[in-house]
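Two complexes follow with chain A in common, the first pairing it with chain B and the second with chain C.
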Partner chain A sequence: MILKVEHISKSFNGLSVLKDVSFELSEGTITSLFGENGSGKTTLFHIIAGFLKPTSGNVYFQDENLHHKSADEIDELGIGRTWQTPRIFKNLSVQDNLLLATKDHPGERVLNYLLKPGIIWREETNRKERAEKVCDEIGLARKLQKTAGALSYGQQKLLSIGMLLMNDAELLLLDEPFAGVNAKMVDAISELLLQLKERGKTVLLVEHNRSKATEISYKVLHLVKGRIQEQEGITP
Partner chain B sequence: MNYLLHILIMCEIYLILALAMNLLAGYSGLLSLSQAAFYGIGAYVAALLLIQAGASFTLSLFGAIAFNLIVCLPVVWFAIRLRDLFFALATLAWQIIVFAVLYNWTAFTNGPFGITGIPKPELFGLYFSSLPVFTVLGSIITLLVLLFFMGLHKTPLSRFFQGVRDDQLAMMSFGKKPAYFKTLAVVISSGVSAIAGVLFATYFSYIDPTSFTLDESILIISIVLIGGLGTIKGSVAGALFYVLLPELLRFINIPDTIAANLRMMIYATVLIMVVMYRPYGFYGKYTFE
Partner chain C sequence: MYAQLLFNTLVSGLLLALVAVGFSLIFNTTKVFHLAHGALYVAGAYAWLQFRELLSGTGAIIGSLIIIGILAILIEKLVYQPLAKKKSGQAITLISSIGVYLFMINLIALLYGNETQFVNPGLGSSFSLATITIVPIQLVQLITAVLLIGGIMLLTKTKWFLKVKAMISEETVASVLGVNTNAIRLWMMALGSMLAGIAAILQLFDTGMDPHRGMTITLSAAVAVIIGGQGSIKGTVLAALLIALLQTITEWFVSAQWKEGLTFLLLIAVILWRTEGIVSFKMRVEEK
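And now, the complex of A and B:
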């Protein structure tokens, strides 16, 4: 199991949003999480990604307890997330967005510019080459130098997924990847998710577009009033 | 000729200040209202080192930069903890505090009377006392600052600053620490502002607190907003626009009694038009929402 969520509960000022939520995700699968608005789906994402701490319960990623880990430490471990509204760097190019998502760039540290400038530029070149490949993979090859804010909404969602790939995320938490995009783009995104699954990536997606999400999912979870109901084996 | 050289030196001082401000506001999204405070501290520290301690110009310059790196710590603290308008308000408070210290700590700053007799720079046995040679020194220093920022713009570090500006939460979700990049931006910007202060103090040989007021901070922001946030050429255009436009207006035949005020009114009108019709300034890549 790549992810194990055990007895997670979360309350805000006495209001219980998640109640004893438990489930597991197998490596290299796509799982959909459905639920009405306000059922706690995004809260669950926040907890797994480290942006919120649960009131009780634990989350394990590759057998490591995430309870005391911050969002950036969880990112380091290999959990990446997208947001309902794509959180991209709108004034930067698609290439810069992809480069910003990479881990441990030596150019992040000032001292490296004095001590090992060669490594910075070598790494920069390598990462730019990788960004080109990922851009091609997500179908935005011709937009590499375009400002991210000028992309269509659907393309911004593709870019968000591309950023997770640059980030080497093993588990992708996708918050409504199909919402607000046209049918053609829904197909493009679902095709990309299936390719990622083939490559061994694990995907947990929150969706309202049940038919499309169910079509590509191995497992479907229903979150009803903060409690989980599990439904197995849609696509083996 | 001297008039033109004077304008050139003023362009250089405001260009350095604009570049420092652009790193904060244009690259990192930190709208600081205390840039004049760092400009002033730089000028005062250099003046005191030159006069009281008899230090060399080089030592005074680096002393002023180093001192600014320490006194910028409260702004670093604000930058890490506060966002947007709250950060601007905190830096406004810092600007007011620094001005009050410069104005009232008479034992050190001589208060409203200012410090006179600041010596001209001396480097490698050369004495930069005349206007033409001072202009050469100012141009060399400004060119070095400009090259520094052009270099910085090309590094991956510049991308991280802009990432913090565009979306802090997204940066965090990719394992980046926005606080680190904000700290760097404030530290670099404060240090560079000190250089402008040292040039100002040694050029005029006299400083007093009225040159480093909140008005001056707002003016520095307006320079980068007009020139355009997030680009080097925006800062250059903004500094040239600010220094040259009032000078050009001198050539319009306006009666002496109202000339100064009318020039400022024309300047202000042009500012309003730029803000209304060019929200990204002349060469901006980014604008505050």
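And now, the complex of A and C:
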């Protein structure tokens, strides 16, 4: 199991949003999380990604308890998340967005440009090649140098998934990847998710487009008034 | 005559560009309309005047830049950062910045007086190049400004500055990706203010300095940043040169009193023509 959510409860000022939520995700699967507005889906995402701490319960990623980890540390471990509205750097190019998602570049220390120019050049070349590859995977191959703000809404969603891939995320938490995009783009995104699954990535997605999400999911979870009801799906 | 006017414009434009690039680095990262930049500009020149009593020429410049850097960091730590943490609006930070400006300028006037301070740089007499008469300090101003602006342009190509650009674009996303936005704010405050400090020292060697010169040049710099567009260093430098040209033409053919007024008319004209400024990014209409 790549992710284990055990007895998670969360209250805000006495209002109980999540009640004893438990489930597990197997490696290389897609799971959909459905629920009405206010059922606690986003709160659950926030807890897994470390933006919120649960009132009780634990989350384990590859058997490591995430309780004392910050959002940044959880990101480093390999859990990446996207947001309902794509959170990208709209003034920067697609390539720069992808490069920013990678960590520990020697060029982050300006002095290294004088001390280790060769290392920086090699690292930069490798990362740019990788950005190109990821761009190809997410179907934005010809948009590499385009300003991210000039992309369509659906393409911006693809870019935010690409940023998770650049960061080598093993578990992708996707918040409504199909929302607000046209049918063609829904197909492109679901095709990408299936390809990622084939490559061993695990995806948990929150979605309102139930038919498309169910179609590609191995498992479907229903969150009703803060409690989870699990349903097995069909592996596509 | 025109060649001479153009040369003078180039030098004064590049000096304005130094102040404007500094203002741009600070404004775009902190989102503070940092009018106290004018006080740090003046403080740069007065710090040099103080240090030259103790140190050599270069030592005095380094000493005054360190002081400017420290003052900028103090302003950020004691005023801007606490206001940002409280999520104060831009109007409040602007008023606070004016407050800091007034405090510092009054303090400088109290300590050194209101009269203009002149310094002879001791660089020898002027010389002619074709029809242009060049004063040696102009050459120093020109070379220093070109080197510094070039240096900043190179800095913007580094991986470190990519993080600054990310912060300028979307601060929250940048911090989620582990960008230390507080550290970047401090670096930009220090670096931007030092650029203003150097411009002030160079100006001191030429036309002298008094405590009240900071506001005029800061307002012109702010206009250059807005006209330049969306945090573009290149755009800011171009706009500064354009403003300097307009100010020279106004001074020469109309009256020096109209200099600032026409600068703001230029701002209005450019904003009406291109809201996003001279240099802008291609965006979808709904993203603008």
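Descriptive notes on the structure:
To be clear about the criterion, the second predicted complex is superposed on the first by the 226 of 236 C-alpha atoms of A that agree within 3 Å, B and C clash if a C-alpha of one lies under 4 Å from a C-alpha of the other, contacts with A are read in each partner's own complex, and residues count from 1 in each chain.
Keep in mind that, in the parts below, a contact is a pair of C-beta atoms (placed from the backbone, for glycine too) under 8 Å apart; a residue touches a chain by one contact, two chains touch by 3 or more.
Because the structure is predicted, anything quoted here is derived from the model rather than measured.
Overlay on chain A: chain B and chain C clash in the combined arrangement.
Using the contact criterion defined above for the overlaid structures, shared-chain residue A:Gly38 touches neither chain B nor chain C, since it reaches no partner. In the superposition on chain A, A:Gly200 contacts neither chain B nor chain C. Applying the stated contact rule after C-alpha superposition, one finds that A:Gly180 touches neither chain B nor chain C. In the superposition on chain A, A:Glu124 contacts both chain B and chain C. Within the superposed three-chain model, A:Lys146 lies in touch with chain C and out of touch with chain B [touch as defined at top]. Legend: residue contacts after superposition of the two complexes on their common chain; A:Gly80 is shown touching chain B, with no touch to chain C. In the superposition on chain A, the residues of chain A contacting both chain B and chain C are 71-72, 75, 87-92, 96, 99-101, 103, 105, 107-108, 110, 113, 120, 124. Chain C meets chain A in the complex at residues 155, 158-160, 162-163, 165-166, 168-170, 172-174, 176-178, 230-231, 281-284, 287. Of all residues in chain A, those touching chain B in their complex are 49, 51, 71-73, 75-76, 80-81, 83, 87-92, 96, 99-101, 103, 105, 107-108, 110, 113, 120, 124, 163, 167. Across the complex, chain B meets chain A through its residues 155-157, 159-160, 162-163, 165-167, 169-177, 180, 184, 230, 285-286. Residues 71-72, 75, 87-92, 96, 99-101, 103, 105-110, 113, 120, 124, 146-147, 149-152 of chain A are the ones that touch chain C when the two sit in their complex.
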